[in-house]
Amino acid sequence: MSLQITDLKIYYQTLRGEVQALESTTFSMADGEIMGLAGESGCGKTTLGHSLIYMKPPMKYMGGQVLLDGEELPIWDMDRMNEFRFKKISIIPQYAMNAMNPTRKIGKMISELLGSRGVDFKAILPELERRLGLVKLSTSVLDMYPIELSGGMKQRMVMVLSTLLNPSLLIADEITSALDVASQKAVAEMLVEFRNQGYCKSAIVITHDISILYQIADSILIMYAGQLAEKASTETIIHAPRHPYTKLLISSLPEIGIKSTEKRLTGIPGNPPLLLNPPVGCRFRERCPVAFEKCTEAPPFIEVEPGHHIACWKEGETNA
Amino acid sequence: MLSLDRVTKVYRVGTFGGKELRAVNEVSFDIKEGEVTSLIGESGSGKSTIGKMILHLISISSGAIKFKGKDVSHLSGDALKEYYRNVQGVFQDPFSSYNPIFKADRVFTNVREEFFPDMQDAAWRDKVNSAIESVGMNPEHVLNKYPHQLSGGQLQRFLIARALLLDIHFLVADEIISMLDASTRIDVLNLLADLKLRGLAILFITHDLSLAHYISENAVILYRGCVAEMGATEKIFSHPIHPYTKMLMASVPRLDEKWKTGTTELTSKEIGTPEGCPYFDRCPVADKALGCDRFRPTLQELEPNHFVACYRYEKNG
Amino acid sequence: MNTAKKNEFLYFALKNWKLRIGFVVIGVFLILALIGPLLVRNDPFAYANPTGAKPPSSDYWFGTTFFGQDVFAQFVLGLRATFLVGILGGGLATLIGVVVGFTAGYRGGIVDEVLNMLTNIILVIPTMAVLLIIAAYLEVRSIFAECIFIGLTAWPWAARAIRAQTFSLRTRDFVDLAKTSGMSSFKIIFREIAPNMMAYLIMTFILQFGGAILNAATLDFIGLGPTNTISLGMMMQYAVMWGALLLGMWWWFIPPGLAITLIVGALYVMNVGMDEVFNPKLRET
Amino acid sequence: MNRYFTRKILIYALTFFLAVTIDWMIPRFMPGDPIQNMLSRANVNADAAQVMYTYYAHAFQLDLPIWQQYLNFWGALFRGDLGISIYLFPTPVAKVLMRAVPYDLFLLLPAILLSWWAGNNFGAFAARSKWLDNTVSPIGYILSATPYMWLGIFLAWLLGIVLNIFPIAGAYSFDLQPSFSWKFIGSVLQHWFLPFFSLFLVMFGGWAIGMRNMVIYELEADYSHYLEALGAPQRLVRKYAFQNGILPQITGLALQLGVIVAGALVTEVVFSYPGIGYLLLAAIQNQDYFLIQGCFLFIIIGVLIANFAIDIIYILVDPRTRRGMTGETA
């Protein structure tokens, strides 16, 4: 097991009260797994991803345990986490376009950053240059300022930098959403290549675009309103989902080959609940076509088949 | 219903406008009533500029836009107002479309003040209610609220309802669902399909090929301000010809098949002249012998309602 | 405005200590300026005390000048002048800034280029130098003329800030939507854009208010203030001119300068407080 | 970068043109006969008045057409001819001004540079913690709200009169002749300190507040968060924030110059420090219009030169302007 999360609970402290962004979350990831983390905006996917590496106020740790390669991550302690960041766990942030200091040459910035972490830049330079080649960047970018690079180039540069110390876990936050389709494909494929080369042992890919995950992820974890809904292999989530939310979500996605005149897709009526004061029990209850009395209790996230977890009373029952 | 005739937008950049940037370069196409035409392009392709030119929010540098046969490129005053009675738009960001300090209904009141100043309150209320109902919402649930109290999907429907208050024949839908969540976006898209059945002509601007395929009869593929390929959606999607369209089709993530590996070309090999084919530097089949680097290919109709701008595929080339 | 939002602003405004301090300080001085002259028995210019300079006492709260004039009487009258300059001078500067800023920001293109150029030019010129040379040639100077000159030279800051704000609001979709509703530019600026900038405009005015007071103090101190009244800056000028320093007459020059410092300081602090109230990112938690 | 540069130069050229035009216009378009006014109020004897009247009538060239007067004004300006001072008759204005300029530089350069340096460091320091911020920032606000002349008066009274540590008037002791002796240099420095210090303090407050805001903004920027997420120590994050936050402070320096100059004028008046400010006061009191106009021109030219220098420095320190990729998003 690469990553094991038990009962992780994260709230946001706001002036109106606590936003229950992530309810008791338990799941694990295998070594070498690329796990897609998907859901609508505000479902808690970014909260989950960020809490593992960089939990800054107003994010608030409410309990739970995170084990990476068997070692506990002190995610609630900003200072103690520093030892793990970059070396054991790393992130490609959503804002990769602005992630580099605009007034430093990229190479200089990297060397200063590595120096501050006790890594010898000179020693790692050949490897850095090799990896730049892998993402189709010339080594001359090290002598450039970030503004001289295009969006896609910056994205790839950050990708190389974030994984330079071969972290065990990489969190990739919406890395394709700002890119055009061509760059999107290239970046997504490079991520897989990085995993294959062992630049990161496993990765969590946070995105709202499920079709990208279908292309690159080994497994997909679907979240809804701060709760886990379903986790299974990519094929299963796409072709044989069992949670009602996943089913409705997947069936609402238009794909090439479907025309409105031939086959009308339907969305999910209603809106996700506000997390400031969410309903008790299953948070999908109000929009769920198969909800019943029991759903006022929160369903546990249980394994219904090997590698297939669901949090739904209906599905859990039929199998139990 | 609406036709573009060599519409061009040139921006002057540099000191005292020394350089020019062609955001849209001689784009021509027609949109018929009861049809959705998708305008597909990546960021910077000029697709939104075309939408804004149709809506008179950006001036046209050269060329003409005709609405029902009449040149509407340079309207002003009452004529422009009359045009807006027929042609309306909905934009990408639902939250930016509303003035955050006023209630969402203000978009309706603005329309009333400008277009129906004499209408009685009761009659107006009926008109608004029926417009809201026709976009699938309950007026009681959505009226009299602030934008932040409504969801993105509701806000976008609200804007479509606003357009329906007028006697519209043409709607520019500029990326209207790209910021909505997956579970709600399809319903807004279906709404456009319903409007089409009512005889509206719609220009659906998008970067998402699957959405374009779902909703539209015709598609226009735009690259750096130039039309690369256009025609019936079916033909383009089942039989893409332009190298750029082919690349798009191969790169789009699908749910029914995996990507074919083989890296996409990211770096340009060779820079062409500004007069050449805009796709020259990234094109895998570019050929200087054909003049790709020096002359911009024009659109050729390869089969009925299927046009391509590429020297490789000229009929007798 | 949204009632929920309005209450939220009010709540934070009342909770914000910077705003509270600012309001109290300004309030105290404003009251002093308004009712002070009514409390004073002595004509500020009359040589009330025949023995000349005297330190503060129950008769003369702030003492008397070298010539025996009542410092407190001059002080409260000077406060009036200070507030007048702040409101009129700062107000005029804000008004010009609003007109130029809105026009440049909303119109864009060549209009913007020209106005922006003009703004930059006036920004580079040390306005005080221009004020000096104009004032030097005027034989009779009134406080209103001073307000107008200050207003006419201080607007570029406001114009720049408002232009930038207008620019970013103008590109918002609701402005495009208003255009496609057939609304005129004038209507769009004042009914769609301006209401979104109220907080910003108030803050601009506050800064211009403080700036005008400081400018007026400089002019007055150099001897180019109004010729028909007294101001805080002029009090300091007279104090220095008649050797109050060497004579140790601290009561003559400390109050006017301290009052200006406190008023302008309170305005600056208020400005920060308002920024915190209207910009949730800056709120203290 | 070219675009940036041409624009700047154009603005400076236009500013200079406008300033000179104002300088020329004001005496000619103000109500009344300036020469008569001037002479009637200047306390000179009848003989001198006659000489001066002839001189000024010629100098103003009121008999020539307006455009000719304007062109001649420019011509004289380029020859360095700014007229003759009344108050120090018959010394040419340019010469009077040149005598004052070294004192201004001696006062302003250290005050500006040191307050800028110290204020920036102090502001960045205040941005470190909420506690520091809440105690330090109010000091900055109060300082920057203080009128220059009042702080000067206050310091002169406190340090000069009450504590009697520093002299409060002049550039050196009246009983000394300028020489390269320790005694003289010591006297110069003693006289210099108070005006310098009062200018320093007011500016210091402004820079500290500006820098505090900039650093807080930079610490919230994406690149800072990324560094922190990669476990970079606060030392490195703060270093970057400081270096990026200081760039707008450079432009801020250019924008503040006008205000600083005004502050320097009144400070010199308070301390009878023989720079242009002090000269200006004397000129105003003696109705010496040529000298007033000369002071005005000198101030403008000084500010323009300083602005230009700052622009060049900015180009040198900010790679974004150098690589010519500022702003333009096509």
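Worth pointing out:
All chains are identified by letter, namely A, B, C and D, in their written order; residue positions are counted from 1 within each chain.
The criterion applied here is as follows: contacts are C-beta pairs under 8 Å (C-beta built on N, C-alpha and C of every residue); 3 or more make two chains touch, one makes a residue touch a chain.
Since we're looking at a predicted model, the values are computed, not measured.
Of all chains present, the one whose mean CA position sits nearest the global mean of protein CA atoms is C. C-beta contact counts were set side by side for C-D and A-B; C-D has more. When you average the Cα atoms of each chain and compare centres, the chain farthest from chain A turns out to be D. If you average the CA atoms of chain C and of chain D, the two centres end up 22 Å from each other. Note: centroid distance chain A to chain C, computed from Cα atoms, is 52 Å.
Centre to centre, using the average C-alpha position, chain A and chain B are separated by 32 Å. Distance from the chain B centre to the chain C centre is 50 Å, each centre being the mean of its Cα atoms. Taken in their complex, chain D has these residues touching chain C: 10-12, 14-15, 18-19, 22-23, 26-27, 30, 32, 34, 37, 130, 137-138, 141-142, 144-151, 153-154, 156-157, 160-162, 168, 220, 255, 257-259, 261-263, 265-266, 269-270, 280-281, 284-285, 289, 292-293, 295-296, 299-300, 303-304, 307.
Within the complex, the chain B residues that touch chain A are 42-43, 151, 153, 181-187, 189-190, 193, 207, 209-211, 213-215, 237, 247-256, 258-259, 261, 263-267. Across the complex, chain B is touched by residues 40-41, 136, 152, 180-186, 188-189, 208-212, 214-215, 238, 248-250, 252-261, 264-268, 271 of chain A.
Listing the residues of chain A that touch chain D in their complex gives 53-54, 56, 81-87, 90-91, 93, 95, 98-105, 112-113, 116-117, 145, 147-148, 158, 161-162. Across the interface of their complex, chain A is touched by residues 221-223, 225-233, 235-236, 240, 243-244, 247, 318-320, 323, 325 of chain D.
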